[in-house]
Structures are given as structure tokens and as C-alpha cells.
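Listed after this line are the structures, all set down as C-alpha cells.
You will see two complexes here that share subunit A, one where it goes with subunit B and one where it goes with subunit C.
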Partner chain A sequence: MTHARRLTLAHLWLAFAAFAVACVLGVWQMWARSPLPAPLLTANAYFTSVTAHGVAMAYVLTTFMVMGFGYYVAETALGRPLPFPRIAWLAFLVGILGVAMAVVTIFGGTATVLFTFYPPLTASPWFYIGLVLVVAASWAWCGIMIAAMAGWKRENPGRPVPLAMFATVANAVMWLWTTVGVSAELVFQVIPAAFGWNLGIDVGLSRTLFSWTLHAIVYFWLIPSYIAFYTMAPQAAGGRLYSDTMGRLTFILFLIYSLPVGMHHLFMDPQQSNAFKFLQMSLTALVAAPTLLTVFTITASMEIAGRLRGGRGLFGWIAALPWERPMVLATGLAFFMLWFGGGGGLINMSYGMNAMVHNTSWVTAHFHLIFGGTVVIMYFAIAYAIWPTLTGRTPASLKAQRVQLWLWFIGMMVLTLPWHYLGLQGQWRRVATFNYADPIIAAWGPWVLVSFAGGLILLASAGLFIWNLLEFHRARAVAFSALRPLYAVAVHPPARVPAALNGFALWNVLVLVLMIAAYGYPIAQAFWINAPQAIIHRVDGRG
Partner chain B sequence: MKPADLDDLDRPWRTWASLIIGGMLAFSIVMGFVVIPVVQGYGAGIDPFTAICRAVGLVPGSPSTRQPTSAAKAEPTTQVAWSTQLLRTLSRPTDMGAVVAEGCVACHGQRGIASDPQNPNLAGQSAVAIYKQLHDYKTGSRANDIMTPIAQTLEENQIRAVSVHFAAANRRSLDPTTAEVVDEDIVRLVERGDPARALPACNSCHGFSAGGPIETPTLSHQNREYLARQLRAFRDSSRRNDIYTRMRSVSAKLTDREINRLAEFYATTLQY
Partner chain C sequence: MAVSEEAILRSELRWTIVVTGTITVIMVAILYAGIVHHINPPSNIETVDPKTLHLTGEFTEENLGTSIDAGGQITARMVATQFAFQPQCILLPANKRVTLRFASPDVIHGILVTGTNVNTMIVPGYVSQVHTVFTRTGDLLMPCHEYCGLGHSQMWATVRVVPEAEFKPDGSGRALCDAR
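What follows is the complex of A and B.
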């Protein structure tokens, strides 16, 4: 094994270990919200658990998955050793230290503030510093990804960067832009407040800065899944990628339109004006473009595979696809969930309709379906695809992997569809328990129980996933798949591409223009409008 | 390929990408900053210039129907307005504190631990909580035959100083051997509340890491007689200085037994 493979394994194991713990907490949380008496339930325990669940799923699973997969892609797609492996290991250790600080403060009861950074509720400063360390580790990863691509381009002048790496670097560039908002919020506002140096805080500014990060971070989590859609799924299906250019355009559009749109999280906030909310809403609508491009391109790629396998007629190619292969199955299930999750997202981003679902369970259900469903099921598929190449072993049968993916899909649908419905009924989010003696709330009870059942199915799936990963380490069969190429060839492999589709200089300039238009005045106004300061409320007992 | 050819390949991308993205941005700006505010403002009787200024955020308000006004006069439950400057002074001890405290010791004890359990212990209570109550006595938000005239003689800076003084004192020590076995339903009220009666957990505001209002007092180590009397005062609304009637609505749902046992719980339990 090379350096990068051990590095990838270390990152992915940490990511999935956090995921497994967070699944247990998630099920308990749904139990707590249900009419059934949950063990150990207090409001404090609930918010401790939600904080741990959110941090583990949204920061640990994702960041380490993205980093580990990125190192893997940099080595395998570019076919050259990873640059700066020592810095990568150092970043991993810094990340672990950060995670440990977050874990200690959360379970020590001094960080029951959920995983979103919304002051004036403020946790122990060490919670925030721990998470800043995780972000710092990911910055090192961004630098290494950019250096890897630059090195490859120097050695291969004029040749198109392989799509998987181009997408990974698009994600790294986007992440550098993304984290500016939350870093500014933490370093200049929240951490000084958490130390007690400031007693007041401009929450309008901090919410605006957090919104800068809040949408793009979701695409940071999502892009590995899209890399799998474009490069791994067509290959696994035995076909070719319909269009390499579409892929490049998709990742570029994610870079551009994930950033100047975060204010759609602030539609109900008073500190920003209607015009800027409208501007960011209409830019948000453009995010649908890369998603629809992807649906089209991947469906076309799958059709090529299906027809190559003898599929006939308008839909016959669908049945002809090799659904027994986990990557193909996961892609199909992910697309199915993407329709529901994407549709819900269009409602969230519409300024008018947002008022109906704001702060209800609809929002929580939405991001569980789109992230926990579409994105995480592709994390599983990626793990199944690359693990044999990391350990050189593979289980004799893929049945357990298919069962796990189906369980995840069924569990996620059973969990989130009633949850959406309850949001429309007005069930609020971020609440530990409900008063089921109230006749209106009592009618919610059965649907929460359905969601709870979905959670139990998800937990079974998560357990099976970890078991499946262990199989890759202890199985006797040698992985022949390790020798197969993982990344699909395009129908028309690009011989040369314009610089615009082979790098990010042009797009960085355009992002800058959009960010100044969308966030320039909304942030600048905080410095000349004498906004009232909210009084810091620290939950770590120091306040 | 020659560099010149590459440049030919790239130029249309640069041009078109910039034009398309710039065009979409311009469209959004025209719609959001001009068209929608002006059209909506027209319906609400707002002139176009004001409508645009409101949409941008230069003038407060949004271009929708004007809201009805009310002549009703607000009657706040308390006159205390927290500010960072006030909170800062409540974290700084002064020499004046001990001087002012001389007037308190007869009822609240030399070190803030009351000899008569009808009176509250002040030792170790948060300065913010003590300040709120003294200020409320002074302004009439809370009334008491003894405390009201005393508080009315105090100046603002004396109230601040004495609050800090007692907050710094050591809390009443508890003998763990005297702690009574506490009923399960009382612990549940403290930790979980009772959703069936829409009763929040006491801990959700009074707990160690709670997110409740900053003026929430610490209850542990308090005198049981005082605590029970206050809960009853909230229940019959003879005490009314709780914002949003929080404590009045909570205590109205408590039984006599629960009030007594909760007071007992806080007076004898080491934690919380």
C-alpha cells in the first residue's frame, strides 16, 4: 500500500466511525420526539445528542470522507504520487485533535448549542476551536489537491485534467471560498464571545456570515457523490460517460452558484432587506441547473450502458442495467431520493413558500433526505468501490452490500416522508419533546412513530455497512476489481479543452463578482449601521 | 496545439460565461431592486424611490400594506433593560458593595445566608439575578412591605455594588447526610417537566447549562420556605415581575404537594 492508501483508509474509517455513533444518537432522538417514553431523556440530554449527531454527521463524516476520497482520487485519477503526504498526515492529526475537543465539550455538557453557529447562544470556546482545527485540516487538504492538479498540468501541458480530479479541485476551491464566512464569524465574533471577552454580539452579522457558508458547505458534502455519478457509475454499469464537458460544467456551476445564495437561509431574518434576499433567491434557482444537467447526463450514460447490454425499447435499457452491482444500485436509489429532496429544496428556496416551512420539521426532513439519502448512499457506494483497491480483499458475495443499500433507501424514505408531512402540519424543529396530550399534537404521534421505525431501519443498515467494511479487511478472496479502472471514459474523450474547462482562474473572478454583488452591502452595512447587540448567553456555565 | 490556438479556443468561453453570468445577475438585480419593489409599492401607495430604498434596506420597512397602529400603552413587567455595559459592571466587585450590604445583614445574614428561612439566601446567587430583583423592588415591579422601601432608598450604583458583593459570597453549605430522598416525579419535573401539562423542565432555565433568560436565579442551596412562598406568590399572581408570565404560568399548574417538594428538592440537593 502506498502512503495515500493508508491515508485514505485512516480518513474513511474515522468518518464512518463517527457516522455509526451518530446513527445511534439519531434513532434515540426520534424516539425522544415520539409518544413512546425514551430512556435517559432530558432536554439537556436531547440537545447534547442533537449537537453530537449534527457535528458527527455534518462535520466529521463529511470532512474526513471528502478529504480521504480526495487523496484517493488525486493518486488514482492522476496516476502520480500524492504531493506532500506528511502535511496530509499532519492535517489528519490536527483534525483528530479538533474532533476530540468537540467530543469532550459536547459530552461534557458545555456545548449544547447544536451544530449550527447561531449566537447569542454560545458554547465552550474549546468546542469552536476544535471545529476550527477540523476546518484548518481541510484547508491543508485543499492546498494539496490544488498542488496535485497543478503538478499534473505541468507534466501534461495542454491535456485535460481527468474529470474526477477536476471535480475534486472544484470542491477544494469552493471550500476555500466557503469557509471564509464561518471562519470570520468564529474568529471575530463567536470565539471572543465564548471566552467572555465580549458580552454582546451582532447576531445579524453572525447569521449573515454563517449563511455565506451554509449552502456551499452542503455542496462540499455533495460533490464526492457527484464525482461517483459522473466517473464511477457509468463505468460500473459497463458504459461510458455521455459527456465529459457536461461534467466539467456541472462542477463549475456548483462552484459558482453554491456561494452567493446562502441568504435563502435568512428569508425570515430582519437584518437583511428584501432586494438582497430576492437576488440570492434567484441565484439559488440557478443551482437547479447543475442538478438537472447531471440527471440528464447520468441517465444518458446509463442508457448507453443498458443498450450495450442488450436493452431495447423506450425503457428496456433500464431493466438491462446491472443492478446487482452496488454502485449502479446506489446511483438509481440516490436519483430516486434526489427527485423528492430536490423538489423539497425548490420549495425551501422560494421566498414566499419558505415562510410556510420555516423552522418546521419540513426543513430537517429535507436535509436528511437530500444529504442522508442521496449523498450518504453514494458515500457507501464509493466505499464499496474503492475499499477492495485499498485492502486488496473483497467478500465473495455482494449480497450484503445490496441489502445494506436497500435498507438505507427504505429507511430514509420511511423516516423522511412523514417528517416532511409533519412539517407541513406545523411541527417545529429543534424541540426535545412534544405535549401529546394536546389533541393537535396527538395527531402527529403516529407519524413520528413511522419516522422512528424508519430510523431503526437506518440503524440496521448502518450496522450492516460497518460489518461490510470489516469484510473488506478479513475476506479471503483477492479483489480482482482492484485491477479494473474505476473511472469511466467519455463517449468522446476530450483531447483538448479550453482553459476555462481545465482550471478555475476565470471562475474565481466570476465568483468574486457574484459574492461582492450578493454579500458586499449586506455585510458592509453591519459596520456603519449601529445594530443592537444581543447579549451573549453561554451554556457552559461561565455566563 | 500552439498557445495562440488555445487562446482562440478559450476566448469564446471567457466571453460567453461572463456575459451569461453577468446577464443573470443583472436580471436578478433589476427584478429584485427595481421592478418588484416599485410594482408592490405602487399597490401600497409608496412612491418608487422610497420603495427601492426600502428594498435595498436604506429605509426601514418593506413595500407591503401599511400596518394598523395602536394607541395602547405598553406596561412592561419589569423596567430592567439589559445592556453589555450593565452586565460588565455586574461582574466587577467594588468597595461600595460591603458598605451597602451592611443594611441587608439583619435579614439576609452577615455572609448572605439568611437565619430566618422565610428570607432568601443571597450568597452565591448570580449578581444579575439579585440586581433584577432589587431594581424591580425599586421601580414597583415587585412589591414587598420590607424590601420596597429599602430598595427605593438605594441608588443605581449601590444596587449594582451590593448585587456583586453577595454574588461573590460562598453559598450555604449543605450536609449531604440530611438530603432527603426525593420523589421520582419531582426529579422528573426538574429534569423533564411534564409535557402533558405543558410544563417545561425547571432545568430548561434554572439548570447549570440552560439557555433561559440571563436573570434566572440559581435555586439550589436556597431556603425551602422562601422558595415555596414565591411559587405560591406566582401562582396567585401576587408576584408579577416574571417576563412573559413564565413563572406565573408554570406555578399555576403545580399542586401544593409539588410546590412543597420542589422547594424541598432545591433546598437539600447538592447539585442543580
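What follows is the complex of A and C.
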């Protein structure tokens, strides 16, 4: 096995192990919020659990999935060995060290600050340093991805970079930009405060810096799923990608528009003006464009596959698709959830309507549906697609994989639809228990129980997923799919593409300009508003 | 599949027009709500020192709760602190324009009022201000909606909205209520 494949296996197993633990915690949290008495429930246990669930899902599952899949794409799509494998392994070890530090501080009770960095509530410095190490590992990955693409371009002058790798590097470049905000917040504000070197902190500034990262990070998690939509789903369906150019444009639009939009998380904050909230909302609206373009291109690609398989009529091609293949099934289910999740997202970003839903269960439900639903179901599909090529084995039947995907979809709908509704009723997020003696809250009880049932279905699906992965290691059958190419060919594969669609130099300049326009003043204002500092509140018992 | 490159390009351009149109409609709706109906987020950029909040200025104890100034402007002031609001109940008249002002001496809090679109973060260092008109009478729940520490789940207040005729401030222009 090559370095890249061993790296992929190591990263993905770590990602999915964290995911499985976090699923157990998530179900228990929904139980705690329900009218039923939950075991072991104290405020401390609940917020420890929420912190661990958030860190595991948002930082460990995602970062290691993105990195592991990136190493795989760099080797298989480019058809050349991964450069700097030793640095990749070192980064993996640094990442594991960081995760271990986070685990020790969270379960040691010195980091019950949830997974968002909102001082003056401040955890043990080792919690933050652990997470900085995870980010540092991902920076090494970004460098390796950029080097891999540059090396391929040197060997193949003038040829278009394969779309899967182009998208992976778009994500790496975007992630370098994305992490600037949170890194500045942690290094200049939070970590000095956590060590006790600063007694006060400018909270308006720290929230603004965190918002820099807060939206683009979601696209960092999402891009592997979009890579699967563009390059793996059409191939799995037996068709072709409708347009390679549209794919490139989509990933470039993600790079540009996912960054200068984070202030839509601050609509309800008092430290920023309506002018910049409105500007960033307008840019947020534009980020709907790459998603809508993707919906079109992938649907058209699937239609090609359906018609090649004999589908007729306006909708007949849908029935003709090979839904028994996990990648095709997951894409269909992911798109279904994307309609709901994307619609909810448009409401969140509307700067007037946001007041109805800000910090309510609607928001929690929204990101569970769009991330836990659309994105994570594609993580499963990616794992099912690439694992046979990693172990050389495949289970005799794919039925358990299909059952797992359906359970995840059903569980996510049952979990999140009532949860959205509760948010509209005013149920707020991030609480351990509700006072069901209050008549307003009592009426929410049955809907919370439905969500809890959804959580149980998701837990069953997560267990089956791990079992299915183990099958790839146990199965006797040789995976013939290991020999099949994974990536779709376009209907008209481009012979050459303009330099702007084959690299990121131009787009980095545009991102810089947009970030200065969107965030220059909102960050700089901290230095002349000079807001009174808040006193640090440390939760690690050191004062 | 004999789809010419040109046909693909044409279909994509058509779809791009649909996408552009959709986004434009959404933006126009938001602009209309903001300009015509004044539906804008709370953004007053007004600072206050969390360390001296309780000693001096508008958030000292005798200024908390609802008050009417000489011009008839109704303002309710509240301090959000770990893990309670002061006061625990605010009394307000229905169908009148009211202003809610919040500040925090410690960590980040936030509020919403169930069944309304009143919502703001409360960021230490800044005053949060929301203008609204309550149309329904009764006791509304106003929880803290941002995680503020282990007692967060027990942090809430009551907004008691009474018919205008029953809203009777005392001689100094203040109106108070007791949470049940």
C-alpha cells in the first residue's frame, strides 16, 4: 500500500471513531432536553457532552476526513505519488496530539466552553492549544495539496488539472484564508487570557474575528461532498459529468464567496453596524449561486446516466438510475436534504428574518440537517467508494450500506424537522434541561420526543456504518471496483482551460480585496471604538 | 449522448439567469423589509464598561425595569448576569412602541422573547438595544439564549405585556412587576 493510502485509512478511521463517540453523546443530549428523565444528567455533564460532541463532529470528523480524502485524491486523480509523505505523517501525529489534549481537557472538566470560542468565558489554555495543533496539522496538509498540484502542472504543462484535485486545492487555499480569523483570535486574545497574562478582553473584536472563520469553515467541511457530487456520483451512475467548466467555476465561487460573509453570524450583535451586516448579507446571498449551479449540473449529469440506461420521458430517467449503488443513493438523499437545508439557510441569512431564528433550535436543526445530513451522508458514500481500493476487499452485498444510508436520511429528517419547528416556537439552543412545568414549554415536549426518536435512528445508522467499514477489512471477496476508475469524465473533456480556471493566483487577489472590503473596517473599528474590556471568566478553576 | 458543447453552454446560461433572478428577488424582498418596514438588526454600537455597570450610569439598580421619560418614551432596562436577569420581570404596555436596553457585567448572554421577533446578543462592553411593539398581552418567556456557564439553563425572565389602560407607572415614571 502507498503512503497516501495508508494516510487515508489512518485519517478516516480517526475521523469516524470520533464521529461514532459523538453520535452517542448527541443522542444523550437530546434525551436530556426531552421531558423524559435522562441518566447521569447534571449541568456539568451536559455541557461537557455538548463541548465534546461539537469538537468531535466539527473539528475532528471534518478535518481528518478532509485531509484523508485529500491525500487520496492527490494520489489517485493526479496519478503520481504524494509529495512530502513524511510531513504528512508528522502532521497526522501533531493532529492526534492536539485531539488528545482537547479530550483530556474536556473530560477533565476544564473546557466546558462548548466548541465555539466566545470569551470572556475561557477554558484551559491546553484545550485551545490542542485545537491549534489540529489546525496546524491541516495547514501542513494545505501545503502538501498545493505542492502536489504544482508538481503535476510542471509535469503536464498546459493540461487542465483534474477536477477532483482542482477542487481539493480550492479547499486548501480557502482553508488557509479561513483559519486566519480564528487563529488571530486564539493567539492574540484567547490563549493569553487563558494563561492569565491578560485580565480583560475586547469581546466585540473576538466575536468579529471568530465570525471570519465561522462560515467558510462550513464550506471546508462541505467541499469533499461536492467533490463526490461532481466527480464520483456521475461515474457511479454510469454517466458523465455535464460540464467540467461549471465544476471549476463552482469551486472558485466557493473560494471567493464563503469568506467575506461570516458577519451573518453577528446580525444580532451590538458591536457592528447595519451597513456591514447588510454588505456581508448581500455577499452571503451570492454564495447560494455555486450551490444552485451544482444542483443543475449534477441533475443534468444524472439525467445523462438515466437516459443512457434507457430512461425515457421527462422524469423516467430518474427511475432508471442505479439506485442500488450507495454513491447514487447517497447523492439523491443528500440533494433532498439540501433543498430543506438550503431553504432554511436562506432564512437565516436574511438579515431581517434572522431575528426570528437566531440562537433558537432552528439554527441547531439547520446545521444538523445541512452538515449532518447532506455533508455527512456523502462522507459515508465516499468511504464506501474508496475503502475497497484501500483494503482490496468488498462485502458480497451492498445491502447493509444502503440500509445504513436510508436510516441516516430518515433519522436526520425525524430529528431536524420537529427541531426546526421548535425553534420557530421560540425554543432556544444550548440548554441542558427545560422547565416543562411552564405551559409554553410543556407544549414542546412531544416534538422533542420525536426528535429524540430521530436521534436514536441516527445512532443505529452510525453503528451500522462502523460495522460496514469493518466488513471491508473482514470480507473475503476481492474488490474488482479497485480496478475501476472512480472519477467521472466530462461529456466534453476540456483539452485546455484558461489559466484562471486552472489555478488560484487571480482568485486569491480577489479574495484579498473582498476581505479588506468586508472585514477591514469591522476589525479596525475595535482600535478606535476602544470598547471597555470584559473580565476573563475562566472555567478551569484557576481563577 | 450526443449533447453538443454549445447546447450545454446554452442550458447553463439559461439556468444562470434563473439563479440570478432568484437571488435578486430575495435581495429585493430583504431591502424592502429593511427600508419600508424598518426591519433591521439591533446595531447601535454603544459602549458601556462592564466593570462599573452597577456603580454608575443607566444600569444602576434604581434605573432598572421600565420607565417613561418626560417625552413619553417607554424604555425597559435589564442587566443580564450569570445566571439571572435583573429585574426578573419587566412590565410593558401592548401596542406601544417600546425600547429594550440590555447590558452584561460578566460574560456574553443573549435574549429572545418567545412568540415575537425580539432577539439580541448581549455582549459585555456594549449596550444592546431593541425597538419593538408587543401586540399580544400576557406573560412572555425571555430566556438567555447564549451559553453563559453551567447555570445557563436556569436563566430566564418574564416580559409581562398588559393592555395600555392597565399600564400605570408610579409618580417617578417607573413600572415594575414580580415574576410568578
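Here is the rule we go by: the second predicted complex is superposed on the first by the 543 of 543 C-alpha atoms of A that agree within 3 Å, B and C clash if a C-alpha of one lies under 4 Å from a C-alpha of the other, contacts with A are read in each partner's own complex, and residues count from 1 in each chain.
The working rule: a contact is a pair of C-beta atoms (placed from the backbone, for glycine too) under 8 Å apart; a residue touches a chain by one contact, two chains touch by 3 or more.
Since the structure is predicted, the reported quantities are computational estimates derived from the model, not experimental observations.
Peer 1: Record, for the superposition on subunit A, whether partners subunit B and subunit C clash or fit.
Peer 2: In the arrangement built by aligning on subunit A, the partners subunit C and subunit B clash.
Peer 1: Check whether subunit B or subunit C contacts more residues of subunit A in the superposed model.
Peer 2: C
Peer 1: Is A:Ala531 contacted by the first partner subunit B, the second partner subunit C, both or neither?
Peer 2: A:Ala531 sits against subunit C, while subunit B stays out of touch.
Peer 1: For A:Asn274, select first, second, both or neither according to whether it touches subunit B, subunit C, the two together, or no partner.
Peer 2: So A:Asn274 meets both subunit B and subunit C here.
Peer 1: If you stack the two complexes on chain A, which partner ends up touching A:Asn44: first (subunit B), second (subunit C), both, or neither?
Peer 2: Both partners, subunit B and subunit C.
Peer 1: Report for A:Leu346: first if it touches subunit B alone, second if subunit C alone, otherwise both or neither.
Peer 2: Only subunit C; A:Leu346 stays clear of subunit B.
Peer 1: Quick one: classify A:Ala396 as touching subunit B (first), subunit C (second), both or neither.
Peer 2: The answer is neither, since A:Ala396 touches no partner chain.
Peer 1: Tell me which partner A:Leu314 touches in the superposition: subunit B (first), subunit C (second), both or neither.
Peer 2: A:Leu314: touches no partner chain.
Peer 1: After lining up the shared chain so the two structures overlap, which partner does A:Met246 touch, if you call subunit B first and subunit C second: first, second, both or neither?
Peer 2: After superposing on A, A:Met246 lies in contact with subunit C but is clear of subunit B.
Peer 1: Touching A:Tyr118, do we find subunit B (first), subunit C (second), both, or neither?
Peer 2: second
Peer 1: Can you check which stretch of subunit C gets into subunit B in the overlay, out of 8-16, 62-70 or 116-124?
Peer 2: Clashing stretch: 62-70.
Peer 1: So which positions on subunit A get touched by both subunit B and subunit C?
Peer 2: Common interface on subunit A, subunit B vs subunit C: 43-44, 112, 121, 272-274, 277-278, 282, 286, 433-434, 438, 533, 535, 537, 539.
Peer 1: Which residues of subunit A touch subunit C once you look at their complex with the stated criterion?
Peer 2: Result: residues 43-44, 46-47, 112-114, 118, 120-121, 202-204, 207, 239-240, 242-243, 246, 266-274, 277-278, 281-282, 285-286, 288-289, 292-293, 296-297, 300, 304, 307-308, 346, 350-352, 354-356, 358-360, 425-426, 428-434, 438, 440-441, 491-492, 529-535, 537, 539 of subunit A touch subunit C.
Peer 1: Please output the residues of subunit B touching subunit A within their complex, sorted ascending.
Peer 2: 1, 6, 9-10, 13-14, 17-18, 21-22, 24-25, 27-29, 31-33, 36-37, 52, 54-57, 62-63, 82-84, 87-88, 191-193, 195-198, 200-201, 203-204, 207-211, 214
Peer 1: Provide the residue numbers of subunit C that touch subunit A in the complex, in ascending order.
Peer 2: Contact set of subunit C toward subunit A: 1, 3, 5, 8, 11-12, 15-16, 18-20, 22-23, 26-27, 29-30, 33-34, 37, 39-51, 82, 104, 106-108, 110, 112-115, 117-129, 141, 143-153.
Peer 1: For a test of understanding, state which residues of subunit A touch subunit B in their complex under the given definition.
Peer 2: Touching subunit B: residues 41-44, 109-110, 112, 121, 158, 198-200, 256, 272-279, 282-283, 286, 433-438, 496, 498-501, 506-507, 510, 513-514, 517, 521-522, 525, 533, 535, 537, 539-541, 543 of subunit A.
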